[in-house]
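Consider the two complexes below, in which chain A is the common component and chain B and chain C are the respective partners.
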Partner chain A sequence: MSDTTTITNVITVILLLVGAFFMLAGTIGFVRFPDFYSRMHATGKCDTLGEGLMLVALIVYGGATFVSVKILFLIMFILLANPTSTHAIAKAAYDVGLEPWRKLDDRVEWMNTGDTGNTSNTGNSGEGRAGEDGEDRGEGR
Partner chain B sequence: MNIKHFIATSIIVFAFWILLSAHFDAFHVGAGVICSLIVAYASHDLLFTGTGNHTLTKTVRFIAYLPWLIYQIVLANIDVAKRALSPRMPIDPQVVTFKTMLKSDVARTALANSITLTPGTVTIDIVDDVFYVHAIAKEPADDLLEGAMERRIAHIFMED
Partner chain C sequence: MTGALLFGTIGMVDVFLAMAILIVMASFVSLYRGIEGPGIFNRIIAVNVIGTKTIVLLVLIGFIYERPDFFDIALVYAILNFIMTIAATRY
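Take a look at the complex of A and B:
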């Protein structure tokens, strides 16, 4: 009896630690990535698996109870809601006209063509600001 | 009002009530029955739209799709964690577009959410049948354009 308890506890701890690792990696990615869209990658993905693993750990720890069923439903809702909200936020940013950050050489090219083409001014200035931010980070590493 | 859909919805809603309440005395079960009937009356045409066919096959195929999706989610997380923690931070974000062959809203939603959950790609927008996808680097974008996931979704919803 105590053997099974030990095994359950070990599995729970491992799942919790792996989940916490992914949450940590997602948060570090959120801080380090250069622009809005790439930060969406970090938060939208790592949260899903991190939270999922932690909730599975709770199910393993709690055993087959009604609470476990509720946690199972929570996991399903997170699986549905997380990508949907990520998509909604990304779409809002895209509709406002936020340009995705590119690597340095690509961005210079894009800005030159943008100047000659003389298209939307707001888009260019937005790109410039996002770009400088990214450039600082890039050189710092 | 379709009486079969109404009864099926009531039963499903009531089963959900039992799962969440976990009380079996007369008061809770009776309240559950009444609430289930009211909710089922209000929303019986939402769960079973009556327009689709082969619902059972689609459900079974979707459940069979889930393990692969979870495997992809794990890969996605390892991928993002690697990129976030690597000192050189190997990212090269880009927006790619592709035309989808999927017709129904459910299938497109499933594809959009699957893209967001899998390695290095986030769906930004769907305009008519064109997907706008933000990719964190070149390899995930190429993998996506290769189209394996779209074929799986098309298989589930019988649009291939």
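Take a look at the complex of A and C:
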């Protein structure tokens, strides 16, 4: 195969390593953080950036071909879709009534969705879900 | 590894293979939160994260085996992942 010491391959390897670092940092944050919202804070940005960097590295490696245009479309779609899905998950969780983790909290308790004044109409299925999922979520954070 | 890179004893395919193995290991670490994590939202976001890693894994596999079919699969997988996440958060 091709030599690794040419300049494009060195750039490729560096971008791949930086992207892998961001992905690993996001994964560690996803496992270690105490709350759902902070976990999403870790994954929503680190995965997007790490994936973008790794795909840019593969574009640099592939050169100006038709395949690189496909990967460019993939990057553009991911930069649009990944924050959108993260925002959708966060908004759904907030509408259902998942409270953010605070300091000195042992765990985040599930509120009754009737108590929260700002649940919008998208959380109309939240009453049953909060009720049926409250049991197995009791030990969680 | 860096010294081997500077001397050019390993090719780029080996680097891609190492990155693919790293991504698979990160996916398994994320799968722990998907199985163990309390609540449905942790599971939804674990599926989202694993799908995000799978897209990069598919592109890396396409470069390792030099088969351009995998890029279309990765593109379709990205769209499916997005639609699945939106549907799971709506209902």
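Here are some notes:
Methods note: the second predicted complex is superposed on the first by the 99 of 141 C-alpha atoms of A that agree within 3 Å, B and C clash if a C-alpha of one lies under 4 Å from a C-alpha of the other, contacts with A are read in each partner's own complex, and residues count from 1 in each chain.
The criterion applied here is as follows: contacts are C-beta pairs under 8 Å (C-beta built on N, C-alpha and C of every residue); 3 or more make two chains touch, one makes a residue touch a chain.
Just so it is clear, the model here is predicted, and its values are computed rather than measured.
Residue contacts after overlaying the shared chain place A:G29 against chain B, while chain C stays out of touching range. Of the two partner chains, chain B is the only one that A:Y94 touches; chain C does not reach it. More residues of chain A lie in touch with C than with the remaining chain of the pair chain B and chain C.
Touch criterion met: A:L49 reaches chain B, while chain C stays clear of it. Touch criterion met: A:M40 reaches chain B and chain C at once.
Once the two complexes are overlaid on the shared chain, A:P83 sits against chain B while remaining clear of chain C. Put simply, chain A uses residues 26, 28, 40, 48, 66, 70, 73, 82, 84, 86, 91, 141 to touch chain B in one complex and chain C in the other.
Contacts from chain B toward chain A in the complex involve residues 19-20, 22, 73-74, 76-77, 80-81, 83-85, 87-89, 91-95, 112-114, 116-117, 120, 122-125, 132, 134, 136. Those residues of chain A lying in contact with chain C across their complex are 1-5, 9, 12-13, 16, 19-20, 23-24, 26-28, 30-31, 36, 39-40, 43, 47-48, 51, 54-55, 58, 61-62, 66-67, 70-71, 73-74, 77-78, 81-82, 84-86, 88-89, 91-93, 96, 98, 122, 125, 129, 133, 136-137, 139-141.
Taken in their complex, chain C has these residues touching chain A: 5-8, 10-13, 15-16, 19, 22-23, 26, 29-30, 32-33, 37-42, 44-46, 48-49, 52-53, 55-56, 59-60, 62-63, 68, 71-72, 74-75, 78-79, 81-82, 85-86, 89-91.
On the side of chain A, the complex with chain B involves touching residues 21-22, 25-26, 28-29, 32-35, 37-38, 40-42, 44-46, 48-50, 52, 66, 69-70, 73, 79-80, 82-84, 86-87, 90-91, 94-95, 100-103, 141.
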